[in-house]
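What follows is a set of structures for review.
Two complexes come next, and they have one chain in common, chain A, joined by chain B in the first and chain C in the second.
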Partner chain A sequence: MSEFFTRLGDGAAVMMSKEDIRYDVEDGTADAADRGQIPELAKEEVDYLVEILTMPQKNVSVKRGHEGIMTFDAGTLKLPVRAGIPVDRLATLMIHERILCSDTMELCTTDYSYKSIKNFVQEEAMTMELAQNNCVMPIFYGAMPNLGQYTKPDGPIDNWSELLPMGKIAEAREAQEEAVEHAVSDMVFITGQMAEAGACGIQFDTVGASGDADVLAALMAAKELKKRFPNIGIEMGMAGEFNLGMHGQLEFEGERIAGAYPHQQVKMAEKAGVDIFGCVVNTNSNQTFAWNLARALTYAKACVAAAEIPVVVDAGMGVGGVTNTNTTPTDVTSRVSKALLEIAKVDGL
Partner chain B sequence: MGGIRTAGDLVSRMVMKGMRLSAAKEYVADKLHCSVLDLSDTFAMKEIRESLDIGTVLDRKGASNGMEAKFNIEKVLGIEIPSVTQFKKKTGLL
Partner chain C sequence: MTKEEYIKAAIDSMIKGDEKLAVSVMNDAIADGVDAAELLSEGFSAGIREVGDQFGRGRMFLPELMLAADAMKAVSAIVEEEISKKGGTAEKKGTMVLATVQGDVHDIGKGIVASLIKTQGVKVIDLGRDVPAADIVEKAVECGADLIGTSALLTTTMGEMKVLEELLKEKGLKNKFKTLVGGAPVTERFAKRIGADAYGEDASQAVAEVARLLS
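Showing the complex of A and B:
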């Protein structure tokens, strides 16, 4: 029986038979369908995914005409900070535009949280103005709601992660509701400054990292921002495929936030006035790449079907079926891109 | 899609307005008077971008760049670009 080169969820190389790959694809799509109460991939989609996974080429690509757009989170962190290249953020943006040929790019700062940015938002807005004068491609400004930063000792509010283990449920909920007010105020203030500096778009990234209150804060900020600056594009990228219920009772426009999966998250984002939704599906390193990609496709396909706005799927390390290693193999990322664009019909990554 | 090497930036501008990918590609192709497949063809788009003066990866003497190119993109796509509006306000053009 012939075997095919593929990978485990942590990125390690492994040889598998076509039958075993198909088994994992079917198991992965069944897992997503069961958790999200959404349809499994159809038989022809499973067949095509197995074909993509077993293609002999190291890197694969989409069929002509199926190209999608690319957006970035932590945009200007990647060259000067993570890769340690001594270039400033303006140079980073222009390298992305002229050399890497990115479709869009995001200006951001090292402490990627709106609360932190409030202290130097004027300087950030000045950088946005310079970026807009020099760049042709659309430039977003982005950061995370990161509700946890509003808790003591960094912020003014009692820490719900400490209150909950003590059984102080009501106090923990009250603390989260108070944090939402602070976060919305900061996000509307900062993104308003960026809008006035000419930003093409605003990104709320890793939404839900602190649970359902974190999601509520981003939705409320998006709604207010859209009212004030209708011309600015708002992208909301999630933290996970499932909204954690750290509060549990919060609602947006009559819908419970906790427990929502991507096809439900996107509808809330639409109601808030979000223009692009960033669907996230987390990678399980204990499973294979085939299992994870099938699972990501199942969630993404249901999200795209439910959405009226464009859906871009987070496809970096540890999300969207991409294996959990910082040096993501291109045999993985190229297969993820192809499958998401051709099977899930996403609008971009 | 390939950014300003193709029409990736232009399609992205429409997607950022909440337009789905296929509709955004058709809108941009219509405005550029080309086919949807041309949008990701670096040869076709180099010719189109140079003729419309909307920015290319390789700079040329006298060609529009940065904000200048965005003035032209605004006209070609028939949209408002926030930074162009701000520039016009600051320079008394609005």
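Showing the complex of A and C:
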């Protein structure tokens, strides 16, 4: 076979030669190494990745003994909201546990931000209690810090995205610092309610979506929660492979947050008391699947090497090397899973 | 200083985001007989591209990018003044209507693109986010825009760019406005497929494409 079925970053199917696939794998790992200042994949890892990418099977799987933990962020949004299946959240959790074989799962709501949830947290707590009574797997509660929600007109603070283009940099920074205080307070409050309802853990999802202040809020909340609820599990999933510097000067425990890559992000998370780290690498739609997966593996491998806590890699649409398509192709997701577990040695997906 | 030294100083002023330094470099260069337009293109523009690249790598941050954009605006104004003093007219500029498409509320990237395009002397009318195609077209007609730029972060909303293209064709306006598309799930192939005139993978490429479309 001179050419192999593979895909572009936007999911389009293409046929490529093994040489071209290898070229993209080498280019992808070099790009990650250059940006993250981390080692490239070793030659034998590149060889094995090329082998995975060119396996003739439509779907591939891990070797026995390399299985990983499977969980879902935005968990209870997958079936009833995104797939449009008319099941309630409890049924969703049970389907994931008993049919889809999830090892852990996140209970969440469509208003996926801690600020919004404050208004109906008691109802969420009741659902959590019901879920805990009906499921065996650990169930987390999760949402995003979503600092943007604290800006006018949704919140009390001036919008730094409007202040920055006006050159009001000091004001934009002050606004972000103020938003951090509100977000920490909300995240700690909601986790307290969920802990009382029996939640096994709390998940901070898409951390950094509003920049480095968003990351600081999640880290500070985690630190406070470890003091108040030492037995609750804390999972932190990121928004991208580096922390976007909307503020640029914020630090956590003496380390600048902006610009931190996964192997640095995980160390900050550990210092804050986070128990499980969610590594995120964004997919470039213009590059090939081979390029994107090699790049994701390079970041994930460095993150796992640096971590002392379990690392799960976000392997859904547009992240972790998975193509940017609404319904992700299984030839892609199965190869991503195999490569992340066997080459990057991640603990779960 | 030699021209090469001025170019280096111009790049340096952009990386530092130092408006005063940038203006001083430009004024000194003009006094020394260096061509202002050349210094803008080879020095300051190269500098802001470097800032954009460092931002994309997480080594420079949004406040620094904004400072550099302000410095660029200041030196661009000096160049325009210099050209008009010599009796010429500045390179053709234009008006661009920019929006994040309907159903999509992600506008951090679009804001960065808007700031960098403004540094090139292009008037940017930013309609914000979650903007219906009909509103974008209406505004473009109202302000006599040359360009329409749209951004989408979601695979579920990028189809709105096609809606815009079809609306322009339906209203007989396709040849009146050039269209530029961008955003994480958007690709050059998608841009061609829907009939957009240009695609920007990142802010730097968007700036280059705007310059090309207006030339």
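Rule of thumb we're sticking to: the second predicted complex is superposed on the first by the 348 of 349 C-alpha atoms of A that agree within 3 Å, B and C clash if a C-alpha of one lies under 4 Å from a C-alpha of the other, contacts with A are read in each partner's own complex, and residues count from 1 in each chain.
As a working rule, a contact is a pair of C-beta atoms (placed from the backbone, for glycine too) under 8 Å apart; a residue touches a chain by one contact, two chains touch by 3 or more.
Predicted model, so just to flag it, every value in this text is computed and none were measured.
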Fit or clash between chain C and chain B when superposed on chain A: fit
Touching partner for A:G155 - first (chain B), second (chain C), both, neither: neither
Touched partner set for A:N282, first chain B, second chain C, both or neither: second
Which superposed partner A:P329 touches (first chain B, second chain C, both, neither): neither
Which of chain B and chain C A:I232 touches, first, second, both or neither: first
Touched partner set for A:G316, first chain B, second chain C, both or neither: neither
Partner chain in contact with A:P80 - chain B first, chain C second, else both or neither: neither
Greater chain A contact set [chain C / chain B]: B
Superposition-derived angle with apex at the Cα centre of chain A and sides reaching chain B and chain C, degrees in steps of 10: 170
CA minimum distance (chain B, chain C), superposed complexes, angstrom: 28
Residues of chain A at both interfaces, chain B in one complex, chain C in the other: none
Of chain C, residues touching chain A in the complex: 57-64, 66-67, 70, 107-108, 111, 114-115, 155-156, 184-190, 201
Complex interface listing, chain A residues touching chain B: 64-65, 67-71, 96-104, 129, 132-138, 195-201, 229, 231-233, 235, 275-276, 309-310, 347-348
Chain A partner contacts - residues on chain B that touch it in the complex: 1-6, 8-9, 11-13, 15-21, 24, 36-37, 40, 54-55, 57, 65-67, 69-70, 73, 80-87
Residues of chain A that touch chain C when the two form their complex: 8-10, 12, 35, 161, 164-165, 167, 169, 172-173, 211-212, 242-248, 258-261, 282, 285-286, 317-318, 324-326
